[in-house]
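Next come the structures, one after another.
Here chain A shows up in two complexes: once beside chain B, once beside chain C.
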Partner chain A sequence: MTLLLIILIPLLGTLLAPAAAVRGRMGAAVMAGALTATALALLFTLAPRVFGGETIVVSWAWMADLGLYFSLRLDGLGLLFALLILGIGLLVILYAAYYLSPKDSMPKFFSYMMLFMGAMLGVVLSENLILLLMFWELTSLSSFLLVSYWRHRADARQGARMALAVTGGGGLCLLAGILLLGEIVGSYELSVVLVSAELIQSHDLYTPALILILLGAFTKSAQFPFHFWLPHAMAAPTPVSAYLHSATMVKAGVFLLARLHPALAGSDLWFYLVTGAGLTTLVFAAYVALFKHDLKGLLAYSTISHLGLITLLFGFGTPLAAVAGVFHIINHATFKASLFMAAGIIDHEAGTRDMRRLNGLFKYMPYTALLAMVAAASMAGVPLLNGFLSKEMFFVETLHLQRFGDWAWLIPVLATVAGIFAVGYSLRFIHDVFFNGEPKDLPQIPHEPPRWMKVPVEILVVLCLLVGMLPAFTVGPLLATAAGGVLQAPLPEYSLAIWHGFNTALMMSIIALIGGGLFYLLRHKLFDLHGRLLPNEFGAKQIFDILVKAVVDLSRAITRLLENGSLQRYMALLVGSAIVVGVYAALQHGAMSFDMSASSMPVNAVSVTASIALIVAALATVLFHRHRLPTLLMLGVVGLFVSLAFVYFSAPDLALTQLSVEVVTIILLLLALHFLPQESQPESSSARRLRDALLAGTAGLGIAALTWAILTAPFETLSGYYLEQSVPGGGGKNVVNVILVDFRGFDTFGEITVLAIAAIGIHALLYNLFVNPNPAGPHGWATSRPPLLLSVICRPLLPLALLVALYLMLRGHNAPGGGFIAGLVAGVALVMQYLASGLDWTNARMKIDYFKVIAAGLAIALATGVASWFFAHPFMTTTFTHVHWPVVGEFEVASAMVFDLGVFLTVVGITMLILAELGKLSGAVKQGGGR
Partner chain B sequence: MEALIALAIGVLVACGIYMMLRARTMDVVIGLTLLSYAVNLFLFASGRLTNNAAALISPDAAAYADPLPQALVLTAIVIGFGMTAFLVVLAIRAFGDLGNDHVDGEGRK
Partner chain C sequence: MLATAVLIAMVMVILALVLNIWRVIIGPDVTDRILALDTLYINSIALLVLLGIHMASAHYFEAALLIAMMGFIGTSALCKYLLRGDIIE
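Moving on, here comes the complex of A and B:
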């Protein structure tokens, strides 16, 4: 639980820090600092157990089926990283409070900062790999926010975007890798994964899993060739660089290497990939760092180089190398964080970071200079400082490597070369900035920074000295615990002494120091040479930019092709793709079988005639479509024949529904025609028409073939249950209706709700709409009087029709009928009044609020469902009983019939609302026109 | 008979899709109506074709038509009406606001 709090407290700070800012400018910083200190104190309460060799694991099931647990783990490695994150985080918060200018928003900064801190703690304390990945992505996102903190600056935005693209892309690779790993092991829990090395490394999926995971680690830790984002992320405020780009985020990659070391390391593939990337990065970045004029640029490349060193050590795969790697993680975090802070102080006080202008600052800020010099010396690997110790261990390891065979000498030589470069750029950092003459036209006269801005640097530099001089007493236990956490095995023998006698490693250090000194003396000539050999910096950034541009151009082209704003084209693409997918599926599963003998029903003259009539009417609809009135009539004919088909094939309910819907639809379309052009303009070219005909024809053929194949295939249905249970379970003989209102009542409830929503949508669409109806036209039908005969007949017909509707509804449970059909019939009867007697006459007599009818219908349907709760049954359980009514006889009364009443009312309301709204529209227009 | 129904459904689909590919809103509505006839028939036919076997329980019925697709299609017909109505009104609104009835809202070229 404490473990959870350690992560949650900083995450909480994301909200609390800005909230505290109402109490003045420093409020956010104080709150962030207090929360960080609390989390650190909690960590200290757990630390003794970890030092005692315990691994603390807590777990909550999250989505256990997917192997996802919210499980946390604190072992030596996690403890070390949590200490770095919280400890250096605390120092950075203090530093940032003085670094940020009054123009910069403190709440925003500390909010992002706490978010990042929580995410980072999540990464290092996760036991579940998927959980780890989630926090990993959160670090990418929060670092994006931090790097782009000065969002008015283009370089900050670009740098942040590049960092997000590279590390986020790496995160996706990592996700894939972790999924493969989980597939191999059968669990995402580290405690299982870490002891499954043999299983993992002998598995076929080991290679892809390893490569994907390494891609994640290398992008995060800025390993060559993914290093280029880190220098551009230097556009961030310096506290961010000191925190993210020295101690925490970029260390997440090497953390991952260390974390999965027991499971993945040791194979040849691991060795070559990891040492290869590490070695290249180490030497290459150290070389580039030499020639940077920007202080932070130098530090950025130096960081890349040191990350390469750590990666290289983990690549060796030996226990001793892992110990050295952990040791260098600690040392690099301390000296590099202090160097970044010192660089920030210089920038802050002198107004520039350009080493060609910064000279002789020792005079102006001797105290800061001293601190920076100690830290830089540690970076160079000068004895008595912590950087020296881990570098010595590194040199020793390079000498003991057997794996390269005849090429074994290469690694120590390259390591020494990188050491020379490191001494060279460290010297440059010290000498160019603090000595080397006088400053050149600085924007302001530099002076010592505020007291508290130096305190974090002092603390870190003192640590460098203490660790460097008394390693066994200071860092010894922590290193042993952390290395134990990495190896998950007993530690190898190693000694933390400063003096190991004159050995090859010491010689390498001496060569590096002397070589670096020489290099610095000759720097002017070398700068010239470098300038001549590599005049243009054509590097990974340019390739990245070209790639990004290519991707953007490609997506633009695809968008233009597919999404040109024409719905017509979308429709054609949609149909085309459906055809392609359908044909593909048909080919995949073999040709569809057409068993002619399975055809059960004989063809007779009536069915042939009806089919031909249907087909002819459908074709006529298309052929005459430019003239809309005949088209609608043809459409009505199609609908009638579809109803007849339902009658013929034993579906009386469907036939009734189709028939009444047909009437309502045609009335609706005719009404619409009143407002829309009565003829379609000839819009399409003949090529377009041919294309559409081909598409439509192919689709029709496909569906016809599919239908035939289905109809002649062997038949199995699950309807037996409904047929058996209809009477005993639902109390109704009409199975279709019983399914609708009882078995699948909940679906029906959903459907009438959808209808109600459609009606409300129609109401909204027609609100405040002004259209000019078609002029009277050749037929003059828009303004003509209703025929007298029709209105006379229709008026007495209304009560009769309503009675029929009632009858249909009541008998619906046992005979064709039911709420839907009754509702439509009643709707048609009411609409007939509008048609026969005109709008004004009918409106004056039918003052019904159809919204209330719909609402009542829905409420009744819902109430019958809810009622079953009161009888301790699940939602929409129905009941029925037999009633004997004189004259009518015995019949069942089912609660489902009440539900059907709800359906009835909703359908009536909706039909009337839709038609009446349209009708009202024409009325409104008429009045408007009259004015 | 099965082949005949398949043919009819195919023709309805072809006519419906052709109409939906037209540029005028009313034509699209008509196309959609034709297509929903086809879809309803298709769903209904997936329960196989039977004569004189309505799914009304009675002691002397020899066989019953499959009631499940029928129940599905019944609601589909009603929902289809709701959709058609919505589309029609959308078309009217578009015509009122844009001054033409092209699906892409463009004027006559």
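Moving on, here comes the complex of A and C:
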């Protein structure tokens, strides 16, 4: 439970931080800090158990059938990451409170920040892989919001979009990989997955699953060739870079490598893919970092390079390498976060991040300079600092690797080269910024930042020193626990001492330090050489832009092809493809049988006449279609005969619904006709009309054939089940209604929700719309007073009609009727008042907010569904009982009837909203004059 | 006796329905057509009631009731449209 709170408290902060901002500018920061501290304290209460070797797992079933559990896990690895996320998070919050300028919105920043923190905690504390993926995606989304925080800047928006595209795409791959993994193991729980290494690695699906999962990890951790998004994401405010792009989010990828290490690592494929990506990234990014003039650009490429180092270590697949990887995760998080914060301070105080202009800042901010120098020295791997220790372990590991055979010397050499580059760019960071002459035309005179802005940097730098000098006492237990969490096995022998004797690894460090120094001294020549050989930036962004443009162009072309604004074309495509699919299905599965011998209803004069009438009316509708009002009349005839057919074939519910819908349609179309031309001119060529006629004719014949085939073929339907279960299962004799409100109640709920959304959409479309109505015909319009006779008749009709509606609804469960029909009847009766007495008169007497009616209807329907939870039944379980009232007699009361009331209210609200809104449209035109 | 009478009445009502449709189609004016549609509604009520008597069932009666109400509203809306062009004003 505590574990759940650790994730929920920051997520809650997403809402609480902006809420606290009403109490002044710092409110949001204080609230965010307090919540983070609370979560951290909760984590500390659990920490002793984890240090004792326990793995804490809590689980709640979510969708157990699909293998989805809301299950959380806290082991050494999770503890380490949670500590980093909350600890550095707390420092970053303090830093950001002083970093953000008065123009920046504090509530927005801290709200996004807490969202990200909660999501990241979710990633590292998930036990279920699918749950992990959901939090993973949430980190991508929240990082998008954070990177684009300064949304007035084009580079921030583009950087955020690129980061989302790359990490989001990787997230999709990861989803596929996790699903494959779950398919192999049969469970998504880490406890099961981590002990199934043999099963996983011998399975046929191992290769695709591994590749997909690695794609997810590499995109998130900015491994080559997906590294390019990280430098562009540096357009984010510096606290975001310090938090997301050095300490937490980019570590999610290596976290995943560490997390799945016991299950996936060890195979050749793992080795070559992960070390390959890691090694390339390590060397390449360290090289690029040398030539960055932007402080944050240098740090970004340095981060990519260090992530490559960690990836490389996990790629080795040996227990010792994994320990080194975990150690470097800790060290990198501390020194890189402090460096980002120092860069932010410099940017904040000096007004630029360009190292060609920033020189000699030591004079202006000696204290900050000292802190930054210690952190940079740690990044370079100088002895007595934490960066040195993990780098030594890394060098040792590269030497012990036998897997490359004759090429085994390559890895230590490349590692040393990367070490030289790292020393080079670290030196440049120190020397160019703090020494090297005087600053060049800075926008402002730099000075030391506010006291509290330095505190986070101080804490992190002190940690660098402590870990660097007394590793066994400070970080030892945490490292052992975390490494145990990665390996899920006993730890190998390793020593955290500073001095291991004069060995090859130390030689490599010394070479790196000296080489880096030389490199820096020769930098001007190297810059020239680099500029001549590679005049442009490496083209990853260009390739990305070309790819994005290609995708956008392709989708635009498809859109233009399908959606060109011609309704005729949409209809032709829709009907045409239906014909193609139908014909294909008929050919594929054999010709349809038209068995005439099956028993059919007897034919009599009434049905023959009615059928002919229906056909004639339908044909006349088509023939009249250019004259709109007569067409509408013919449509009325068609509707009436369809309703009669429903009555005749014993479908009274359908008939009642059809009759109500018919009238609503007539009113709706009449309202629309007010704004439409009375006659329409032929616009299509005769060839096109022939094509359309062919399409329509074929589709009609196809439907007729299909209906015939279904009606004559012997088959079993579900009807029998419903007919039997209606009374014992749903407590109603009207099967149609029982299906609607009980057996398929969830569907109905979805349908009325969609209807409500459609009504609100129509409202939004018509709101403040001005359309010119039709001019009066040759005889002109009648005077504007509502016809007296009509209003006199309609007023008493209203209570009668409402009574009919009430009656239809109440008995709906047992006899034809129900909420839908009743809602239509009531809606029509209410609209009738507008029609007979005018808008003003009716509005003055009927002050109903139809949105509230719709909302009430949906709320009632939802409440009846939720209510069943309180009786420990699944959503929307219904119940019924028999009640005996005097006079009325015995009758059934079903909870589904309350649901039906919700349907009723929603339908009334929707009908009224749409019709009244259209009716008001003409009123608005009259008042608005000739607008 | 009643059964025979109902059958004869049904035949006559169906003939009336056919003639109504004919009138909706040929017009000539919109008012003729609206009137024809209204008569169509009334004749269907008659047909449904007759069917109800013929089959001894009450369900037909409700459909007839609803047609009576809805038909009236449809016809008045159409007439209002002819008068004013705008049915809700």
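Methods note: the second predicted complex is superposed on the first by the 581 of 931 C-alpha atoms of A that agree within 3 Å, B and C clash if a C-alpha of one lies under 4 Å from a C-alpha of the other, contacts with A are read in each partner's own complex, and residues count from 1 in each chain.
In this text, a residue touches a chain if its C-beta (ideal position, glycine included) is under 8 Å from a C-beta of that chain, and two chains touch if they have at least 3 such contacts.
As the structure is a computational prediction, the values presented were derived from the model and not from experiment.
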First, second, both or neither for A:Leu673, with chain B first and chain C second: both
Touched partner set for A:Ala916, first chain B, second chain C, both or neither: second
First, second, both or neither for A:Leu790, with chain B first and chain C second: second
Touched partner set for A:Asp294, first chain B, second chain C, both or neither: neither
Partner chain in contact with A:Val622 - chain B first, chain C second, else both or neither: first
Which of chain B and chain C A:Pro652 touches, first, second, both or neither: both
Overlap of the chain B and chain C footprints on chain A, listed as residue numbers: 632, 648, 652, 673, 816, 918
Chain A - residues contacting chain C, complex: 605-606, 609-610, 613, 616-617, 620, 629-630, 632-634, 636-637, 640, 643-644, 647-648, 652, 655-656, 659-660, 662-663, 666-667, 670-671, 673-674, 773-774, 776-777, 781-782, 784, 787, 790, 794, 797, 801, 804, 816, 825, 828, 831-832, 834-836, 838-839, 915-916, 918-920, 922-923, 926
Of all residues in chain C, those that touch chain A in their complex: 10-11, 14, 17-18, 21, 24-25, 27, 30, 33-34, 37, 40-41, 44, 47-48, 51, 59-60, 62-63, 65-67, 69-71, 73-74, 76-78, 80-81, 83-89
Residue ranges of chain A in contact with chain B within the complex: 565-568, 571-572, 575, 598-603, 607-608, 611, 614-615, 618-619, 621-622, 625, 628, 631-632, 635, 638-639, 642, 645-646, 648-654, 657-658, 661, 664-665, 668-669, 672-673, 675-677, 680-681, 683-684, 692-693, 695-697, 699-701, 703-705, 707-708, 710-712, 715, 717-719, 722-723, 726-727, 733-736, 739-740, 744, 747-748, 751, 754-755, 758-759, 761-762, 765-766, 769-771, 814-816, 820, 824, 907, 910, 914, 917-918, 921
Contact footprint of chain A on chain B as seen in their complex: 1-27, 29-30, 33-34, 37-38, 40-42, 44-58, 64-68, 70-71, 73-75, 77-86, 88-93, 95-97, 101-104, 108
